[in-house]
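Chains: A, B and C, in written order; residue numbering restarts at 1 for each.
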Amino acid sequence: MQSKTLQELAALVGGKVIGDDTLTIHGASTLDKAGPGQITFFSNKKYLPQVKTTRASVVIAAEPIESSAALLIAEDPYYAFMQIVVSLHGHRRHPSTGISSQASIDKTAQLGAGCNVHPFVSISENAILGKNCQIYSGVFIGPNVKIGDDCIVYPNTVIYDGTLIGSRVIIQSNASIGQDGFGFATHKGVHHKIPQIGRVVLEDDVEIGSGCAIERGTLDDTIIGKGSKIGDSVAIGHGTKIGPHCLLVPQVGVAGSATLGHHVVLGGQVGVVGHIKVGNLVKVGAKAGVVNDVPDGATIVGTPAIDASIARRAYSLIEYLPDMKKKIKELERKLEKLDQPGE
Amino acid sequence: MQSKTLQELAALVGGKVIGDDTLTIHGASTLDKAGPGQITFFSNKKYLPQVKTTRASVVIAAEPIESSAALLIAEDPYYAFMQIVVSLHGHRRHPSTGISSQASIDKTAQLGAGCNVHPFVSISENAILGKNCQIYSGVFIGPNVKIGDDCIVYPNTVIYDGTLIGSRVIIQSNASIGQDGFGFATHKGVHHKIPQIGRVVLEDDVEIGSGCAIERGTLDDTIIGKGSKIGDSVAIGHGTKIGPHCLLVPQVGVAGSATLGHHVVLGGQVGVVGHIKVGNLVKVGAKAGVVNDVPDGATIVGTPAIDASIARRAYSLIEYLPDMKKKIKELERKLEKLDQPGE
Amino acid sequence: MQSKTLQELAALVGGKVIGDDTLTIHGASTLDKAGPGQITFFSNKKYLPQVKTTRASVVIAAEPIESSAALLIAEDPYYAFMQIVVSLHGHRRHPSTGISSQASIDKTAQLGAGCNVHPFVSISENAILGKNCQIYSGVFIGPNVKIGDDCIVYPNTVIYDGTLIGSRVIIQSNASIGQDGFGFATHKGVHHKIPQIGRVVLEDDVEIGSGCAIERGTLDDTIIGKGSKIGDSVAIGHGTKIGPHCLLVPQVGVAGSATLGHHVVLGGQVGVVGHIKVGNLVKVGAKAGVVNDVPDGATIVGTPAIDASIARRAYSLIEYLPDMKKKIKELERKLEKLDQPGE
């Protein structure tokens, strides 16, 4: 952890200070937890009241607001905050352990300079790792896997044979990459396993969460596009193509042979059925079930997922179904009475 | 496995016998599977017919009922049953293996007396374990992790740096505790990783299921409160606070910065969005999507989740929507006819 | 990879060629990716246009269709394709490594002839493995586990004590088999762990996906029936019985003490509550929530899950709820007016 003056931090993010720019900042925290010497940020209106009373020394905000703290005005407060947290705390440091004698590395495997390979790692035949990769304990790297430079693979993650991984890829713990797709030909009531001969391709700057399960393709590759970030416990089906710069929040499931464009955001527990096409810049609300192609730029929610502008109101009306049913019955009764005035 | 007389078991749980209390009981089973010499319990009305015909020697029940077996009357039959199963079968025994020479333990790590550390375990620098911990094969314990006494960590679980774990905590296999939260600052279409500097705190008597993914906090800690039990494959977001004595059933997802009170029960596959507050003693039905703050004591179901008293009927009426739509159309037609009698 | 003539492939699958049966085929791919020398198949009408223009040399189809490629007519095109992929590519080959000196194998464990045990595998006391099992790195096999012949257990999977596994069973990476069920007796607000004394039984020819969590039974066994295939990240509760030849797609959850018949298909993210009975040949659409017993042969969707013939239309009408509500209000207004014509 490092200390910086507010002036230095403002220069770092290209922001403007309202208040005392000689303050020394040594850490970052949330609006309600930050104390003197710490910086925080404001970007969710829900927390506006806390801005006024925060004990933080500095709040980063998009525009001047009333606050007990000095302000650092930055166009994109959360991005500025990210830069400052990196500057003060840095990312996780990886011990420079070299190649552990307790790892099992096939003699045909190639490791670039600066790799750290921890105990109980298995690296199989013809695997190739670039420079400066951090391979944590218990990781399995299968035959013919290719990994670029500066990748981090956290403990007990399993990378199956033939997986192709770019540079600066991060895979959190206990993930499975490239296991067999769920592919069976059912004949006379028996499910026959079909060899899964496609690969998984993780492009540059991808991050994969803990416990994810990314199936290899049956015939062509499963692809996670450049810069896409996949949360914990996400399951991706065989042959699915996730475009670049997507965000898939924890517990999302995307079935096989689906295609997602770029900058798609899938909320928590969203499910996408197989063989459909989700356009660019699509946003899908948490828990939605996507069953049809989705045009570029759409925001959808619900199961089945429909346009958010309609869906939010429509789904909230389910609560009134008993009432609606009763009213329809009443209307029917009254109308019947009117219809037969002679009785 | 031990044998006890029904009299001894009744004394153990403070219950009353109806029938022959000299019966010897050597095991426990379900109403339909139990045979002579075994004890079972009755607490779900659904199984009432089986009470009459069970081959078990003893049924534990809250009050006298007709049964082919002797009865053990106890106020809380399932709790009594639990005590008896513990007394007859006990919990899993852990072999007293000591510290395996095939484990990799940093020289700065401290292990309390009576710990068993299995092969292929990694314990990193400055990790501290209390007394009598069972650390199974392939577990990774990161730098500066602190674990209390009498904990059990099952194979291949990964505990990231700085995690704080109380006493008597059980973590089943392949869980991930303290991996990076899903935190990115998106700037000009690129997602920048924000260092996750909070920890995970698991308080005393917590149990975590297999394959869980508990993210560390971005800035402040992710906390699982004392005595809370988390089922398999549950994902908890960064900075979320789960109160004490909660039950989170398998496949639940709770997004970041949510707060749950005490004794909250979330059914299977429930999703809770981030930044909301779920009160004490709240019960959420399986598969519900919780999108707003929930008051203390509420029982909610559905997506969006609403009060159960309304929801059960409301959601079941979805089935009648085609019918309702048709009726509305008919009413419109009839009314139009009435309205224009002259035509 | 092997090459075969179209004639040879037709003989293999008992199909008929339309076109040049002397073509040499060396690989298999999808309709849009296949090139000369490759074979593909047509079974999903959605891809009909691609059949006309595919660059593949051969398309397998159920009946003659217009195509740029030669046709191989087979009754069940996907099954024929599976046989051909097996013939051309084969299933994954497993290196014949023998028993690694870096594995930890209890002296009481028994391994059949031809087993390959990779580094960092733990095999506990009294475990018994049949012939030709492939046990990949980091797998944990607990005490008294029994595994049949020709099984494959991929890296870092954990098999708890007492699990019984048939022959030809495949378990993908990072799965947990036999961890404690989520069973607690809550007494005065505290959750007491109940020993889980049942086992998990995986019958012959079962496949379990990566990251699955199959709980052991509380009292009787959790059973996955012969030939059933379980996708990634599926959670199965304690004491649940899955019949033979079922397909459970990724992220399905089945709660404890549920019973599924044979040939049940559960779509992605389906949830089944505990203690219910799902009949034979039932199909459940993706994301459905099954809350009641389901009769044999039913096809259901939605939450709550209802018959698909009704459900597809009913759930799609949620979108029109705002409109329906408005119409009901209008009807009420008009009717009131009619009712009080004197005003």
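Simple rule for what comes next: contacts are C-beta pairs under 8 Å (C-beta built on N, C-alpha and C of every residue); 3 or more make two chains touch, one makes a residue touch a chain.
Since the structure is predicted, the reported quantities are computational estimates derived from the model, not experimental observations.
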Notebook entry, point to check: If you take the chains that touch subunit A and keep only those that also touch subunit B, what is left?
Noted result: C
Notebook entry, point to check: Over half shared or under half: which fits the residue numbers at the contact of copies subunit B and subunit C, same or different?
Noted result: different
Item checked: Where subunit B and subunit C are represented by their mean Cα positions, the distance between them in whole Å -> 25
Next item on the list: Could you list the positions in subunit C whose residues touch two or more of the other chains?
Entry: 120, 138, 156, 174, 211, 233, 251, 269, 302-303, 315, 318, 320-321, 324, 328, 331, 335, 338
Next item on the list: In the complex, go through subunit B and note every residue touching subunit C.
Entry: 28-30, 33, 40, 44, 46, 76, 78-79, 81-82, 85-86, 89-92, 95, 100, 102, 118-120, 136-138, 154-156, 170, 172-174, 207, 209-211, 227, 229, 231-233, 245, 247, 249-251, 263, 268-269, 286-287, 303, 315-316, 318-322, 324-325, 328, 331-332, 335, 338-339
Item checked: subunit B-facing residues of subunit C, complex -> 104, 120, 122, 125, 138, 140, 143, 156, 158, 160-161, 174-176, 179-180, 182, 184-187, 189-195, 197, 211-213, 215, 219-220, 233, 235, 237, 239, 251, 253, 255, 269, 271, 273, 275, 289, 291, 302-304, 306, 310-311, 313-315, 317-318, 320-321, 324, 327-328, 331, 334-335, 338
